[in-house]
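Two complexes follow with chain A in common, the first pairing it with chain B and the second with chain C.
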Partner chain A sequence: MNLVAFKILLHDKAKYVALVLGVSFATLLISQQSAIFHSLMHASTRDILEANQADIWVMKSSVETLDQGYPIAELSVNRVRSIPGVQWAVPYYQSTAQLRTEDGRMKLVQLVGIDDLSMVGAPQEMLIGTLAGFHQPDAIVMDIAGYTNIFPGVEPRVGAIVEIGQRRAVVVGICYIGASWSGMPRVYTRRSLGVSMARETLNPVTYVLARAAPDHSPEEVAKQITKATGLKARTRSEFMDDTQTWILKYSGIAENFGITILMGVVIGVAIVGQTFYMFSVENLKQFATLKAIGINNWVILRMIMTQALFVSTIGYCLGIGAANLFFAMTSTQLSGGLRGMFMHPFIFVGSGIFIVLVTLLACVVSVRKVLTVDPAVVFRG
Partner chain B sequence: MSVICKDVKMAFKTAAGSVSVLKGVDFSAPAGMLTMLVGPSGCGKTTLISLIAGLLRGATGSMQVFGHEVSSMSASMLVPYRLKNIGFIFQQYNLLAGLTASENVAVPLVASGFDWPTALSQGKVLLEKLGLGTHAHKLPSQLSGGQQQRVAIARALVHSPKLLLCDEPTAALDGQAGQAVMTLLRELAIAEDRAAIVVTHDPRVYSFADRVVHMEDGLIAKVESISLGKPDVTTHSTSR
Partner chain C sequence: MLVKFGIPLIAAIAVGFGIATLSHLTPKEQLLDAPNPPPLTRLGTNTISGLGEVQMAGEPVAIATPISGIVSKVYVYPGQTVSAGEPLFALDDRALRAELHNRTATLATVSAKLLKLKSGTRPEDLPPARARVEAATASSKRNEDAWNRAKLLVEQRALSEEEHLARKYIYEQANAELAQAKADLAKLEAGTWCHDIEIAEHEVASAKSSVEQVQVDLDRLVVRAPVDGLVLHVDIRPGEFAESTKTEKPLVQLGVHGPLRVRVQVDEEDASRVSPDARAEAFVRGRDRTAVELRFVRIDPRIVPKSSLTGGTTERVDTRVLFVVYEVVGVPPRIYAGQKLDVFMEG
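Our next item is the complex of A and B:
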């Protein structure tokens, strides 16, 4: 009888399209907003993601989140290096600084000072220039989105001269960095140069990046570092979790996106529920006829569930396709707030399961009407 | 007798209280005959055939259909009982709008467990008999009222039911189409092992009946036995 269910469903094209579009819209809204939320949370740990050689981050004990790094003494680097189980440890500097262009325009930038020797923390993807450029005098590497923000309409190139913290700086490379939480242009430089640009004199280290020796677990080494130095040492994943938890707790992003996603859910349930209900009510006489002929409620239930699953599958595919198209168009951009955003597989699966549940829920409401319809209505003209 | 109802009483509860619709009906419909159930609106005709079909429950009295005591059947027993034993023809045809004529005819067979190709081919054969062979692929909306009712007749007969229940089958048709439908019903529906009950208001089709049962106010008022083309040969009243 599934064929009959399909034929009933597809016969009224307008309602079928309305049902599919309702599911598609709900899918698009839920999956796209969930993916943006997830990508933003991912972006909030941008520096941790970029400095992927380090599996331990050491910081002042009061640090709660990546962007709140407080300066610590340079001596801390050697103290960390002395802990058994530490393979290597390097300083990492992070600050905001004022950048001034040759024509006098000012921009606040995120300054990242990488270790002069090892280059740990350097950007992963150079678009113009190479990491070797860092060794040039006054060298800075800018992210492409920041460059187009600072030099609008100018073709990205090396050689641009700016002033950061009243120090001359020369753009020797342009890199690609995914969207970050702050959205500020990012400027990478050698740490020794960075601290002077930020006019930091006493404590020229924000984090100590370390790696556990091959036969030691990062968790255990981090505990040893904390015990021996009094500094807070977190593994890479722990620090990512700390940062994301802090953002969820204090930024309001969870509530904002939660409301939008909830709206998607409500709209989805309302549109799909209402349309499905109307669809079933309008076909009530057809279902009553089937019941009168001698088709039992289980078969009718299966027919309606088949209709619901078919609609939700088509609607989901269209909605998730549209969401992917959105990210395909936006995530490959070199600049712009949505660059690098992506849809995690669990959002594919999660939104799919959710949409099927929503459709089935909507269906349950209308099914009740169909299952309880008195087949004797067929005799009422 | 294939359908025997004895002292059937049925009342509906309304806001104003209980309304008695059937007040002790004794009714029978023999196999091999077309029995017409006639009477004014509200006299209980539709309620009676709904009870015989097992679409309505809650009546008192006895209703035997080919040996099955319908009144004692549970709701779950009534569904396969209807599927196996009853063919329906409705006033508004009640064809499934998204299905072609042959698919509509095939529905009772598919519901009985036949595969679609077999059910469709049997449906087409029956449609051919009814003169609708060239319309088998058409949707109900592409057919005239008379053609739709012929499709409904095919759907009612395709699974060879023992009882055919027709509710005002000519009410939505013009006189000519109504006569054509009744002619077909007589030709195809009457079989030795099948009883046909037709509820109608239309006196123009009484001549197609073997028996005309008149109902009034929830009771059988009169039963006429009719030789085809010669109505009113025998008349006897059973009114209480």
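Our next item is the complex of A and C:
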């Protein structure tokens, strides 16, 4: 009987293609938008992702989100080191600074001062140069997106001299950093240098990055630090959650993407449901014939379900393939706002389940007519 | 056929591509080790950490100049070992040398005067005085004789009373002149008066002390090391003006020899955990992170506002710190006064 079902499905090729394309379009819309939304939220925790040597972040208790870092006393590093269960703790400095090129153009950059010695928080992916370059005088490492932003049309290379906070800075390396929330060019330097580049007059530590000892859980150690120092200590994942929650709360991004995804769902459901309904109605005659030769409703339902499952699977495969083609093309760029975007496996699988369910739902709605059709219609000409 | 098998085939390729992209693009979430991990203390998990600064054995000695002036010579260079009393630098001394010359001459003058007074009467002065006594004696005798004759002649009425009295007075006058000549001789023979010598002696003493004063001033122009030690810093060169009132920047800085010390800042909130018996170690802030073993010396009994330790930036004084002093044990690796260390103490 399944063969008959496929025959019915493939009988009108134009309708079949329209069905498949409808499903795949809905899949593309839903999965791509959710993935971009997820990637954006992921990118908002860029510094935490980059500093993936630390599992505890210590900050002033008023800090709610990553980009809001507030200077704390340098001796806080030592206080964190004094907590049992802390394997190591290093300072981390973050600020924005004014960059001026040799020909006088100004750019606001995100300045990241990593610990001079341990290099915790240093860029993971160096394109040009090495981390050893940080030890040269006035050394900075710029991300490739920032570099092409600051020096448009210039082949990326080390040696460019800029001025940051009225201090000379030499580009000794170029790294790749995924998109971030602010989208500003990123400049990495040693903390001691960064402090003077940011023309800092207060304390030069924004965060204390710590690692829990192997036999201690980061959550426990973070609680210990909070209790003993009065500073706010969050584990890596807690701080990521904090930052994302803060962004969802204070920016319209959730509403923005929510509406788009909802529209994808609505359009998807509408296209799939409507097409399937039309399909079933047009094939009413065939189903009536089947009924007339004595096939019961249950078998017909199974046939229609098989058709729906087949169409939704094919449509989903095409749609998810197209969505991933989009990411494969945009994500691998070195610069541009979509760099580093990716589809989380949960979205990959989830959108599939969602689309199949929606198609089956639409098919159940449309199948009512088939189940109640009078087999006599066949003979009415 | 194309639709029948083509579409499922394309779908299969598409989802395969999707899975491949997915696994390729999804970032790997895992904790990495730091490129150059911070030092791990061997003191166990319960430690107190502080910022340390290497110092010489004693507090550094900041040398200033007692007198303002142009520096003429600098005898030492940074890194040189000096012993107490060794000259460090000298100021221009030409004016004082001239003054010394002048005062030495004055001393010579008054000394000569004293010598002259002490040696008494000049011998050549005595014979004339004696001759004057002899002359006066002779004159007295002659007038006495003339008067005696006049006395006889007056009795014989051969001479007037007036003449007789005139001779008597002449005799008395000659007698007085004799007494004067004798007194003059006696004064010459007695030599210098003792009080004159005393005055001259005082004058000599005064001139001598004034010479000594200039010599002391000259000596003060050469600034010497007050202790045995190491020259840490020299901030003066010949020709520069050294000001005696300027104290914030020492001209020469001396460190006392001995085992190096590490002065550790501990946040006041951790102060109660610091114990003299606890073991401690420090790590050099360099690429190799050499460990330095420490021995407890003392805890400064005072908690002070934190001063800048980060180099170049003015830190807000929002914390107070306790200073704990340690001594470097054994032969230290290449560490220098002023170097920053990460210090761990048992808590």
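The rule is simple: the second predicted complex is superposed on the first by the 381 of 381 C-alpha atoms of A that agree within 3 Å, B and C clash if a C-alpha of one lies under 4 Å from a C-alpha of the other, contacts with A are read in each partner's own complex, and residues count from 1 in each chain.
Definition applied: a residue touches a chain if its C-beta (ideal position, glycine included) is under 8 Å from a C-beta of that chain, and two chains touch if they have at least 3 such contacts.
Please read all numbers here as calculations on a predicted model, not as lab measurements.
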| item | value |
| --- | --- |
| Which of chain B and chain C A:L3 touches, first, second, both or neither | first |
| Which superposed partner A:L325 touches (first chain B, second chain C, both, neither) | second |
| Touching partner for A:R81 - first (chain B), second (chain C), both, neither | second |
| Superposed model, chain A: greater residue contact from chain B or chain C | C |
| Partner chain(s) touched by A:Y16 [first = chain B, second = chain C, both, neither] | second |
| Touching both chain B and chain C, residues of chain A | 10 |
| Parts of chain A lying in touch with chain B, wherever the complex brings them together | 1, 3-4, 7-12, 285-286, 289-296, 299, 374-376, 378-381 |
| Residue numbers on chain B that touch chain A, as the complex places them | 46, 49-50, 53, 55-56, 76, 79-84, 86, 88, 90-92, 94, 96-99, 103, 107-108, 110-111, 116, 139, 167-168, 171-172 |
| Chain C partner contacts - residues on chain A that touch it in the complex | 10, 13, 16-17, 20, 42, 49, 52-53, 55, 73-75, 77-79, 81-82, 84-85, 87-90, 115-120, 122, 124, 131, 178, 192, 195-196, 200-204, 211, 213, 229, 236, 313-318, 320-325, 327-328, 331-332, 340-345, 348 |
| Contact set on chain C toward chain A in their complex | 3-4, 7-8, 10-19, 21-22, 24-27, 29-40, 45-51, 265-267, 269-270, 273, 285-287, 289, 306, 309-316, 318-319, 321, 344, 347 |
